[in-house]
Structures are given as structure tokens and as C-alpha cells.
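One chain, chain A, links the two complexes that follow: it is found with chain B in the first and with chain C in the second.
Right, the complex of A and B next:
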């Protein structure tokens, strides 16, 4: 690994550690550092401060970390497999499907609110499955253009269904806005406990897809001549991205920006498009950015919590534009 | 004799004068519909959100309902069929106001966001309908009733009022309708000191744990039939399990829309909140 890539990984790791430390230390309630340490090491007595650290901040920090990493990896997988710099979880219908699933629960069946993560996950994966079924069937099955067009159509379909729900239940939209804007909640481990297997499968698939995606970057013909199966690799990468993005949406709502921008940021900073670098670095940078943005969202107007999506954009866009300018 | 003739002539004149036609009023909010009914004017149509459970007076059951699902509030073609001369709308539907005015309707946006504004809004509606005296009397009665409903408050428990459903609470602040009602009923809002333009804000569970509410009142959007399930959902929130409200089994789910929307009968709502939730008589 070159010095440049190593320094990107090191910087991202330091940023992630710092963001996680801030996320544990800062919040609506001031908790002295000594109490935080005692709570984390199991030495603290039962009480509100211990509950705040162990049951509210710790699960939230871990959730932000996992979701950020998942979205960064999902974006890198999609941009690599579809050879499209604009690819993100939106492109394969995941965002539209997950958004519809969540809105259906929040607006039409609010009494089934406990099923919100399941609804988002199921509809996110369903939307992606429909896109794959259309994209990988008929003439030119598995071609990039076909997959992207199918994704746009299915996203539009679910988007229209979501809008219809919001119009029909306009008096209930307020409680759904936060989910749409993207944001983590302090609901302990409940959401993560539902979706962690999907995260695990998605991350494992990403690990095994790094080399095949590098071969795919040389073009389908070259990849095939090297013994690869381009369409299968593309399908596997898109499926892994769908799992990761749907699971992320189930926990944190719609945070499409991360999946789009983080892989570009990593490539620009590292000076390479190799997936053996881009995938882990995207995971680190995505996690660091989301943990930092979530901490800000909790403390800027504490105890009022802001949606994390806009804050993440505020932090991420200047950095991204600076890197873009430097690269040019 | 002259006086008798004059009286007969005056009576004939009054009888012969064309009767003042009652205004055709479209009342898009429960507050305006209830207010004008109390002023003796029956609305030609009332508004209703599709997902909502807006509550109208029993006497208005046969009044046509217009859905408020259009971006402008009511569908203008539907509204036009009722030939309303006055529309009592609200800020929520203000995008539709210019279109209503173009249809020749007089529009007044009336939806008080605090109890203190109820009297003023009642008088303003009375003025628009030409029933100033009746409106003044009604407003004064409402204000007196509200004062009476606040008498004898013995305890001021700390209360968290939450809106809708979600994994993190949306709290009703003091400048929301529901927050104002609970405060007037003797509750100390857990969100005291916080303000947001909309009157509601997503608040950190950390602050709920720290300030430890005595009572949690949830105002969901669910159907009344699902209240028990919702109550169980709120009670089982692991983050709240150590609060006095959960430990003492004082997590309540408010049915109806009385804490969501203003009503002229707010004094009754205050009494109901005190009796059902705060138990501070």
C-alpha cells in the first residue's frame, strides 16, 4: 500500500476514533468523563447516568458507525459494479422501497410502529429484487444500462406510492419527516438486533467482491478473459449493496448522500480506484462522517435533536468539493 | 293613537324587509365549525383530513364533509360546488387561500395555537359573520370556563407530552396546543423552556431519563381501536423504563383530537386532562 493510501486509512481511522469518543462524551446531558469510563467498564452503579451511557449513547454510536460504514461500502460496490460515478443505493431502488416501507408503517399503520425497521428492510430488498429481476432478464440481461433504467423506474414507482401515502395521511406526516430526513434514534439495540445478519452478509460479500470488481473495472470482455463472470459479479455486488443499504435505511432512514459521495472522496484522496482500497476506506470514512454528524445533530440545539442528513451534507460537501478541486 | 299607528307601521316595515340571508360558510377546521355552530350558523361543508379523526359536534353529523387531501387544502372544484361565501380556513391550508379568493370567497385563516387565542379568534369569527354580540358573549364564556377549569390544582406533576409515533419522541412544547392545555391543567412540561416554531420538537431521550417525568401522555395518530397496542408500545420503551411515569404505570394514550387541535370547548378538555391524566383535583 502506498504512503498516500496508508495516510488516508490512518486519517480516517483517527477521525473515526475521535468521532466515536465525542459521540460517547457529548449529548443532551452532561456526563463527566470518569462516569463514562465507569459505565463502559461496568463499574458504574445503576442510575440515570449509567443508563444514558450504556443504553442510549453506546448503541447509538455503534449504530451510526455500522450504518455509515454500510452506506459507504454500498456506494462503492454500486459505483464499481455499474461503472457509473452517479450510482448510489437510489439507483437500484433500495432508497425508494425502504422509504415506502417506512412510510407505510408510520402513516398507515402507526400502531405497528415496532415493525418500522422490518418494513423498511423488506421493501428496500423487494424493490432491489424487482430491479434485479427486470435488469437480469430478457435481451441484454445484466447490462448496465438495463439495470440502471429498471432502477430509475422502480424508484419512481415507490416514490409515487410514498407521495400518495403522505398526501392521504397529510395530518400524520410530521412524525415521518424525521425519518425521511435521515437520522438515528436512541432506541437501544432493538433496530440493530433485527438487521445485523443482513449487515454481516453484506459486509462479507463485499470482502470477497473486492478482487472481482477490480477485474470488472477493466471491462466485461477483459474480466471474462481473466476467468471472471462479469454479470454474476455485477449481480452479487448489487445484491450486497441492496442488503447493506436496506439495513442502513431500516435504522437511520434515508441518507443517500453518504453512499454517493464517500467512495468518490476516498478515490480522490487515495488516488486509486482499486476496490481493495476503496471498499475498506469507504467503510471507515462513511462511519466517521455519520458518527460525527450524528453527534453534532444531538448537541447543536440540545436537547432538541436535528435530522442528521442535512448536517452530514454540511460537513461532507465542503470536504468533497475541496478534494474535487485539488484533484482537477 | 299616533304611537300605535307608528308601531304598526314599524312592524310592517320590519316584516316587509328582506330577511338577511345567513352566510354560506365552509368551515375547514373543527374549531371554526364548532364556533360558528355555537353562534347559530350551520356550515354548508366541513373539512376533514383523510387520515384524521377530527371531531365535530354531533349536530354537524349530517353536514357534508370535504377531504383536505389536496395540496391547496380542499379541492377547489369540490369547494366551489358548495357555493360558500365565507371560508374559515387555517394556516395549514394557506396555499389554497388565493385560489379560494379568486372564486369569490372571503377567506379567514383561523386556528388558534394557544388557549389564550381562543377568545380573540372567536370574536374575529363573530365579526366576519356579523354576530359580534353573540361572539363576544361566547368568547367571554369560554374564558371564564377556562379560568374555572384551572381552579383547585393541588399537584403539578412533571409531564412529557409526545406527538405521533416514532422511535424517538416528538415532544409537544409549551407553544403547542397540546402543551398549552396540559400546562393549563397543572402539568409542568418536561420541555419547559424549549421553543420551536411549530410547537413540537424531537427531543433527546437523555433529557427524558434525566428529568424523569411523573406522567407521559402520548397523542398518537392511530385509530382509537389501536390505543391499547400503542399504550403498550410506549410503556415498553426501554429508554423510559426507569422513569417514574413507567414505574408508577402513568403512561397514558390520549384518544381523540382534543390535544391536537383547538376546540371552543377547551375548558372541558382541561378538566378531562386533570381528571384522566394528571389526577390533581
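Right, the complex of A and C next:
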């Protein structure tokens, strides 16, 4: 059993390193690995090649890595805390909120496009906060059904608001399509420099939640019997997931598929549902998949960039279906 | 007799605006198997959850080893009592051993690794419940009776002196019920205090040292099974013509003729 888990972690790590190396090397300009190493260790001479590596490829690779890890962890946190295999950042309203925030900036205030990550982040977190406020109040506060239903309602509300915006500013919708499809951009460190604290808090919370989430597996009563506070754990896990998914949406648009599928992939491959394995392994696999998909998106039809979201689905779905069949 | 491990007096519980308990009491000693019986809706499960700290109380005194329940939070209460719910979810991808290991969490600090004692406690809990032979199997592959014993093993791994089981046999067939009944009796004989919420009066009479009869959210009677489960009380509380004979068999006049 332990061998199986170790081999999953090892495979994911190797895949991530290879994908990161490819992401740094490949693109419109091919950069040899030796030059990358020199540029990263500060030995390279000033010049366009160094500039491409340090100012374009490095931030993009790091962004893809962090976003992939965040979405993997967010999905694992939500599926674990809501005991629902269909849970993803969509369920707690984050996707709906972040989509609305981004569309508001892109369509209504196109001159303030620099604020797009902020808009997505703020509205993603706001939508989740409304879901939590409804889900954790009244009778059955914090029960799974209540949280999920509140999430569906708020997602519908923000979805309607987004659609209304698209109708009202239909002449500008073209510019928003790429964001909705999900993808990374080559804007250097600007987005990451805004949202990194939220990523950090989300990841740190996930570290502390692994054991409490494992205790939820046998139900709230057993968790309470073991001295845990199941509703508080669920709230903390959902809040961490909201931070991670909103930050991810701020950088890379809507890539919901990753959050849904990665934790399943990790559980099926590792043969365990223990969060001490699933959370870190989801981070690794999510990062590896997004870095690989982003590299492919840049390379396949270079210099044209494909949107990463659909491409990732094309890569991920067959892999997932194969694992699903193997597991049965 | 030794000091009671649990004393609960005059417990009141409301769920929403509905009063569920209004005056329930019990106490349990070392090595005692106490059965809480009563008709559906009498408040048995709510009572067991309230004394465990799983259900907030309106009023009442509950003390564990002399310490008020209000002062016992988290790990502290988890080391004094283990609660085995009626029906727990069966998560996919979790083995029996992994589930029982969760029972050690009140003893393991965050980020610490399980000690040798933790591993021994898990092994011991698996042995006592007869679940060691399928310890590496997934929970999803177990029968109802096997699952129930795993639930009890999780509680035993907690190494709390009191085990509270909420209707552990209500979904089980006769054979599986007998296995769980013998297991609970053996645990009490080994010095554990067992509080068993149960529907089956014949079972309660056969294995319990003390029976608490609940009716309409109150404790209607407490005492030895043969003193408490009289024909008159069965008629008064359950509204049936029934009686327990000397051998513990329950005779019911089903059709009331």
C-alpha cells in the first residue's frame, strides 16, 4: 500500500519536473536547458534569451504550477469536507462569483483590465462568503445538504448576473471568451504578486486540515466522538478551498475541471482516501497537469496559443476514464 | 461500589423549538452494562448524544468522573467516552485498519506520528472485536455486522473508559446481533462501562446489568432488568400486552386477542 502511494508521489514529481523543464524550454523560441539553468542561477549574460526565461517563461511556469496545485487541493478539500464526489469549487459559489467579477472588469470597465485578477478574487471570495453565511446559519447549520444547496443557489445567481453582463455588452464578449475558457497569460509576475498571500493562507490551512478531514470520513458523530468539531472543520476546509480557487481563477480563469478530477485521479491511483496523502498528491498532480497542458497549449500550434482549459480536458478525461475503469 | 464514571441528572434538550428531553437521568459505573430502552421517539438516542456532548442541552447536570461536561472539550472528553453512532457513512477507499487508527486521534498530537502504544491500541481493538482477520479489507466490502464491529473497534481504540453505542444492532440479523451482544457484554466484564441504546427488550434483559426505561422524554424507571421490565410497565410504556419470562424470552400478544 505504502509502495503504491510512494510511486504515485514519485511519478507526479517526475512529471512535474519534466513538465516544468519543457515549459521553460519550449515555446515560440526554443531555449536549451543549459541556458535556462544559467539564467536561473544568475550566470547568464544580459540579453533577450535571459529576458524570455526570467521575465516570461519563469513567471508563467510558476503561475501554472501554483494554480494547478491550488485547484487540486481545493477540490480535495471540498470533496473531503462535503463527503461528496461531485464537489468542486463550483459547489461553493467560487466559480460563479469569480466569473462574474472577471466579466464585470472585462466588459463593463475594460479600461481597468489590470484589476481583472482583483475582481475575480474579490467576487469569488464574496460568493463563497454568502454561501457560508447561509450554509452555517439556522437549523442544520453546517450540514452538507444545506451548504451544497446554498452553493447551487448563489452560483445560479452569479451565473445570471454574468449572462446579463454579456447580453448588455455583447459587442465586447469576444475579449472575455479566452478568460472563460481558462488559460495562463504572459504578463510576468503581476497577477501572482497580487494574489500570492491568499494562496499561501489557503495552502497553510490545507496542511492543518488533513487529519481533521480524515476524521470526518466516518461521519460527523464519529468525528465529534473523537473530539473534533466537524462543522468547524467543514467551514475551514471550504474557506481554504474558496481562497485557493478564487486566487486560481484570478490568474488563470475558469479551470474547474482540474479541481473536480485531480483528487479522484489521486485517490484511484493511490488506493486510499487519506487526506495526508490526497492533499499533497493532488497538489503535485494538479501542478504537473496544468504545467504540461499549458506547455502543450503554447507549442502545438505555435505561435498561436490554444486555450488551456479545453486542452486540459482533452488530456485529462481519457486518463481519468481509464483509471475509473481500472478501479472497478 | 466505586464512584460512577458518568452521572447525568435532569437533562433537558430542545431541537429547534421542539422539546425532546425533559428530565432524563442515569449513572454508570465501571464494568456496568447499562441499557437505555423505550419506544420510538422517547428520546433514547438524544439522551445518549446529550450526555456524550454531541447534542447541546437546555439544562441538566452531566459529570464525567466528577468533572462537569461543560469543562470537557475536544480531546479531554474524547478520552473519557467513545460514541458509536447508529449508522455511520461508509467511505470508499478506507480500510478497516485505517478506520480504527482514526480512533487514536484524541491521543496523537497534530503532525506527530503514532507511537508504539497507539499501534498496540489499534491492534488490541481489532482483536477484541474480531475484526483483525479482515483488517486490510475496505469498509465498502464488509457486511452490516462486520461494519458494526469496526465501529465499535474505532470506539475501543479511543481507550475511553465508557463506550456509548446507539442502537448498534438495529440493522443486524440475528447472528450478527448475537455477536455484537456478546462482544458488548465481554467488554463490560473486562471493566469497561457500556451504555447501550437498544430497541430489543429481550436483548437488553439478557445482557444488561441495569436498564433505564425512557418514555416521552423522561426516565420512567431505572433498575435491574427483571425489576424494571415488568408486564405492567411494558403495557404502560409500549402499550402492548407482553412479558419477559425467567429465561429472558419476550412473549408478546401481537394481535391483542
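In this text, the second predicted complex is superposed on the first by the 324 of 328 C-alpha atoms of A that agree within 3 Å, B and C clash if a C-alpha of one lies under 4 Å from a C-alpha of the other, contacts with A are read in each partner's own complex, and residues count from 1 in each chain.
Quick note on the criterion: a contact is a pair of C-beta atoms (placed from the backbone, for glycine too) under 8 Å apart; a residue touches a chain by one contact, two chains touch by 3 or more.
Remember, it's a predicted structure, so these values are computed and weren't measured experimentally.
Colleague: Of the two partner chains, chain B (first) and chain C (second), which one does A:208 touch, if any: first, second, both, or neither?
Modeller: Touch partner of A:208: chain C, not chain B.
Colleague: For A:5, is the partner it touches chain B (first), chain C (second), both, or none of the two (neither)?
Modeller: So A:5 meets neither chain B nor chain C here.
Colleague: Under the stated touch criterion, which partner chain does A:305 make contact with: chain B (first), chain C (second), both, or neither?
Modeller: first
Colleague: Under the stated touch criterion, which partner chain does A:224 make contact with: chain B (first), chain C (second), both, or neither?
Modeller: Only chain C is touched by A:224; chain B is not.
Colleague: Is A:273 in contact with chain B, with chain C, with both, or with neither (first, second, both, neither)?
Modeller: Once the two structures are laid over each other on A, A:273 reaches chain C alone.
Colleague: Looking at A:83, would you say it contacts chain B, chain C, both, or neither? Reply first, second, both or neither.
Modeller: After superposition on chain A, A:83 lies in contact with chain C alone.
Colleague: Which positions of chain C touch chain A when the two form their complex?
Modeller: On the chain C side, the touching residues are 16, 49, 52-54, 73-79, 81-85, 88-89, 91-94, 98-99, 102-103, 105-106, 110, 151, 154-155, 158.
Colleague: Show me the residue ranges of chain A that touch chain C in the complex, using the header's touch definition.
Modeller: So the residues of chain A in touch with chain C come to 83, 139, 208, 211, 214-215, 217-219, 221-222, 224-229, 267, 271-274.
Colleague: Can you check the complex and tell me which residues of chain A touch chain B?
Modeller: Touching chain B from chain A are residues 27-29, 48, 51-52, 55-57, 106-108, 110-111, 113-114, 116, 167-172, 174-175, 178-179, 183, 185-188, 190-191, 298, 302-305.
Colleague: Any idea which chain B residues touch chain A in the complex?
Modeller: 49-52, 68-69, 71, 163-168, 170, 194, 196, 198, 200-207, 209-210, 212, 220-223, 226, 229-230, 233, 238-239, 242
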